[in-house]
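Next come two complexes, and both contain chain A; in the first it sits with chain B, in the second with chain C.
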Partner chain A sequence: METMLRDRRAALLLVGPALLIYSLIVLVPVVWSLAYTLFEGNVLSGFQFVGFHNFAVLVSDASFWQALAFTLKYAVVVTLGQVVIGLLLSLMYVFYLGKASGLVRTLIFFPVILPAVAIAQLFSKIFEIAPQYGLVNSLLQAVHANGLIQPWLGQGGSAFWVIVIMDIWTSMGFYAVLLFAGLVEIPGDILEGARIDGASGWRLVRYIVLPLLTPILFSSFIFSINGTLKVFASIVALTNGGPGQETTPLTLYMFNTAFSNGQYGYGSTIATALAIMSLLVTLLIFSSARRDVA
Partner chain B sequence: MNRRQFVKVAGGATISLAAFLAGCGSSTGGSTNSNGSAAIEFLSVQQEGMGWPLVLSTITDQYAKTHPGTTFKVNFAGQTTLYQKVQLLAGQGALPILYNTPPADLMTQLVKNGEGLDIESTFQQLGVLQELQPVAITLLKKVFNGQLVALPFELNMEGFWYNKQIFSQNGLQPPNTWDALVQIAGSLQQKGIQPFSASGKQGWPITRLIGNYLYRKLGPNALDSVKSGQAKLTDPAYVEAAQAVANLGKQGYFGKGVATIDYDPAVDIFLQGKAAMFYMGSWELRDFNNPTRNKIGADNIGFFPFPNVVGGMGSSTQTPMNAGQPTSVNKQKYNATIGQWLAFMAKNYGDIALQKEGAVTGFVVHNPPANLDALTALVENQIKQVSEPVLWFEAQFSTKSTNISQQDAALLATNAMSPDAFMAAVQQTF
Partner chain C sequence: MSQILTGRVDETKTSVRKLESKRRDATRKMLSRIPAWVLIGLILVIVLYPMLWMLLSSFKTNTEFSVEPFWSLPSAFHWENYAVAWNSGMSTYFLNSVIVVFPSLALILVISVAASFALEVMLWRGRNAILLIFLAGIMIPLQMVLLPLFTIYFQAGLIDTRWALIITYTAFGLPLAVFLMAGFFKTVPRAVIEAAVLDGASIYQIFYRVAVPMVANGLLTIALVQFFFLWNELLFALTFISSDSNRTIPTGLLNFTGEHGSVDWGPTFAAVSITVIPTLILYLVLNQKVIKGLTSGAVKG
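Entry: the complex of A and B
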């Protein structure tokens, strides 16, 4: 085996086809997309070279900045929500429910496997105002809080929080299971020792559990931030970026620009900005992880 | 492994990969079957067995009796993905013979690229131009820069549909002026009746009101002037129209949560008697005539045209009309066999659409059904009387301006965006 792998031609033959397919379906489109940023047009009208014009437009495009601000706000809030609530749930599984946590874990994990469109339909019904009140407005009506009845998805501010609640509810079970796996790996004698030394409750979590869970926590943050920066399906299904552009993340703005407006070059420029942003955030988390996890 | 073996294996792998990738590509399809008969393929936003596909397949079945082997196939594309799909297929030369027409700017490009057939000259050559209603030709030419490059499988007029019972119970008459309309809305609102049902999520039912206000205020060329650059949407006279519609929203006349209401719920709100008026096109007759959906009864629905604006240059006789989602013919796939089918289709479309679907189309009807329902008859009569059709607000806008306009309409209707800002945003991308 070793002899065969030392033969460069044999190694090339083994890796070659996969590398070729990978290059064709991943690297070529990425480079192609990057090249599109220097052009404007579409497949019908043809493409004209415009140099860095698309980047100049990007800098002065108020819609881009609005979408960027929404994306960052969404990513921070949802990532914190998913990981923190996931952590609390995992602590509850281990320290409160113990061996009986199986059913609860399954129920809380359940939304993870549901399609985004089905979840969005569920939430649009819960927060509906017309043709009839959804669950939330009906409850408000039942307790005579009529002043609070409102079109939750029809206003940018409240629609943002509905999206946040929906996406945290959907994914918290996944992060809870991930962190639960980390928690059960903490040796029992360490916890026992800490308890004998007088640590319990918050002090046990703060000084023993969290430090030992840090690598998994960082993994969770990286998973979550990358998912939330690229959020698309759930928002399209729930609000389609509306009302107006109030809940439009960068991904949806890029999609609309390229495919609805037929501006492939500018759409690729937005995609490049999104890719750079994802890369920077991941690098930031990795660099802090290296310092803390070491 | 020696060099020769390596070359053999590597070569084999490359050829297999190439064959695999070639197999992944779809066939572009032709417009003629192997036996020389027509193969009609239709990229449509309507599914097989309904609407235009149903009418066309019925026509093709009849045609196949004298032209055996003629086939008809529908390729469904959702409305939201249609333009994208048309662009992608056109870019690969794989656009089928019939396809739902994209917006004017894209269609103009398709015509330039030789993928849009000139219907006027083709129908003239085929001797069937008289099968198209003149008003449909006028409308389509207005939309597509003076060229007839689409077939009017629908012909719709728009206006306000109202609940007769609500009007009579409250002593109201259909209004003749915008001010009277606003007054009626106010009096209904006071009595706890929602004046209008509208879909803010779709946006266009709101922007239609802006366009019509402009036509009534500034005359039927109001938006031509914007297109030609003689006027701007940010001019005070244009902003006034957006302000008038924003005022309706401010008073709550569109009901709660207009921004969240999609098309179907908006229809249901009106057809369940929860709103008194509904601005919509005559394509909605299929729901008005559907007793399962229409809870107020078809007899209970009346129609009045978009009212005049006092002191305005337009009049309510200038009817907002459209040819619905039209359909174009791919010039690259056109040949004599297709021409024969097109001529047969043109002679029969009007009759069969009316019989099968109760649909009023841009094709001439030769044998009207004896028992036409009241609302369809009303629409047919109104359309016959139209001397000057006007288009909708975004008809001459670019795709991007159209998207911005319809996207921001909900903000305008909920007063989350000022009329000035709304018009400026649309003008900016014009």
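Entry: the complex of A and C
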């Protein structure tokens, strides 16, 4: 029994293909990318060693700081929105819908699986102003709120909120199901006991439900912020970073730097900055997970 | 006899009374829930109406868009919008997506199920370290590999081929697949494996005759989760593919709306609908599995 499962040759044969392709396509390029941060140039023009020049450029690059500020603002707002609205939905599933919540859960989850590009096209039509009014502007016109009709995606401020609304709309059902799974695991007698002690409504949620839900709430926040820091497809398809550079996240700024300007070294530097940010968040997961166990 | 009968009538009366008060309670409960149901209805409208609007709009003519209010129903089912969308590129993109996504899925499944069997069921030094290395891949931002991969594929002559996508999708599908698969293997009872060993099966027979059939459900879950990721993938497709004839659906749709989006609303909505329909059908059939699979990836990732 033992000897057969300890067959090293068989183990290597089974794990080998995965390890090979994963190393070649994921691990080696990561190290390679780190090396690129010390060079200037691209695959066509060739590369030139420049030391830490790219990092010096990064620190004084106004566009980088603008993209970083946008990314952080977007990540914080969308993460809060996704998890808080997800939480409210999940509470509704459990306390109002009870056993009948299956269909509602399934329907609200649906946008999660749609292609981001398709959703963005849909939202660009919903918020369109020319050549025809989209859903929102038509609605405003119908209720005679003509003063509010505006080019939603043509202004940095409102475009930001359209992106936020779109991404929350897309994923709130996901977080609702995630938190719902946590809620149904709370033992019924704990809730019953708290009710007998006179806790109800908000107090029940605040003092009984939320503390018991903390671990899953926390991992939802972490998962969400890890995704939103790397936002790309939905913004590219909705605004492509515009107007100007006002809705450009780091991922898109990196993409444009590398492929529109042909600066692989600087592009890798931006990617590295993004990776470090994500890593810090991930370390936060582990430290908090350890605290949960202790 | 009559006494017994009256007794019975009394019993019935009390139970009727109980039932009535119960019903009154239920009605009151129902009434108190009306605000909640209104709220739920509103949320469902917010979630579902945009998609319904898209579907209805895909059947409208251009004059209907400019003359009729947005909530009007299409005057007729103008299927020609779908014909226009399909013939001006969407058929190519759709086919390319199929050609890229399904081989990638097959490779991810075969490679990850073998690896996770070795990592989870077999016993050898270093297996935990290797499992951790795979897990690290879940966190790596795709931007970190984009430029070196472009260089590699450029040197290898793979830029603007579907191979570049198949290779990349397979490699990047592995971390999550290995992780989930290892979780599924954990649930296979050791006794089953031991029994197979006693029956004289070789390690490879144990793998594909005993272990794999027991995680068939897990294979379907992983295939579903990866299908949605790959079908919707934009960044790699945008980077590695440049010619229109090799585009997959996400980049193709971007291109299509770039050309038609501002003027031809009908065909644009039809193109978006074509993109959405495969995922919609899959979701209609397997929604509970999809929901479970996608959220399990999140909890563990």
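We adopt the following convention: the second predicted complex is superposed on the first by the 262 of 294 C-alpha atoms of A that agree within 3 Å, B and C clash if a C-alpha of one lies under 4 Å from a C-alpha of the other, contacts with A are read in each partner's own complex, and residues count from 1 in each chain.
Here is the rule we use: a contact is a pair of C-beta atoms (placed from the backbone, for glycine too) under 8 Å apart; a residue touches a chain by one contact, two chains touch by 3 or more.
The structure presented is a predicted model; accordingly, all values stated were derived computationally and were not measured.
In the superposition on chain A, contact of A:155 is made with chain B only, not with chain C. Of the two partner chains, neither chain B nor chain C is touched by A:99.
In the superposition on chain A, A:131 contacts both chain B and chain C. By the touch criterion defined above, A:144 lies against neither chain B nor chain C after alignment on the C-alpha atoms of chain A. More residues of chain A lie in touch with C than with the remaining chain of the pair chain B and chain C. When the shared chain is aligned, chain C comes close enough to touch A:226, but chain B does not.
Applying the stated contact rule after C-alpha superposition, one finds that A:43 touches each of chain B and chain C. Of the two partner chains, chain B is the only one that A:256 touches; chain C does not reach it.
Looking at the shared chain after the overlay, A:21 reaches both chain B and chain C.
Overlap of the chain B and chain C interfaces on chain A comprises residues 7, 10, 17, 21, 24, 43, 124, 131, 259. Listing the residues of chain B that touch chain A in their complex gives 1, 6, 9-10, 13, 17, 21, 83-84, 87-88, 90-91, 105-106, 109-110, 113, 200-201, 255-261, 265, 268-269, 272, 274, 399-400, 403, 407-408, 410-411, 414, 416-417.
Listed in rising order, the residues of chain A touching chain B in the complex are 7, 9-10, 13, 16-17, 20-21, 24, 42-45, 124, 128-131, 149-151, 153-156, 240-246, 256, 259-263. Looking at the complex, you find that chain A touches chain C at residues 1-2, 4-8, 10-12, 14-15, 17-19, 21-22, 24-30, 32-33, 36, 43, 89, 92, 96-97, 104-118, 121-126, 131-135, 138-139, 142, 169, 173-174, 177-178, 181, 216, 219-220, 223, 226, 230, 232-233, 236-237, 251, 254-255, 258-259, 264, 267-268, 270-272, 274-275, 278-279, 282.
Of all residues in chain C, those touching chain A in their complex are 33, 36, 39-40, 43-44, 46-48, 50-51, 53-54, 57, 65-66, 69-70, 111-112, 114-115, 117-119, 121-124, 127, 130, 133-134, 137, 139-152, 154-155, 167-168, 170-172, 174-175, 178, 193-194, 197-198, 202-204, 206-207, 228, 231-232, 234-235, 238-239, 249-251, 253-254, 257, 261-263, 265, 268-269, 272, 275-276, 279, 282-283, 287-288, 290-291, 294-295, 298-299, 301.
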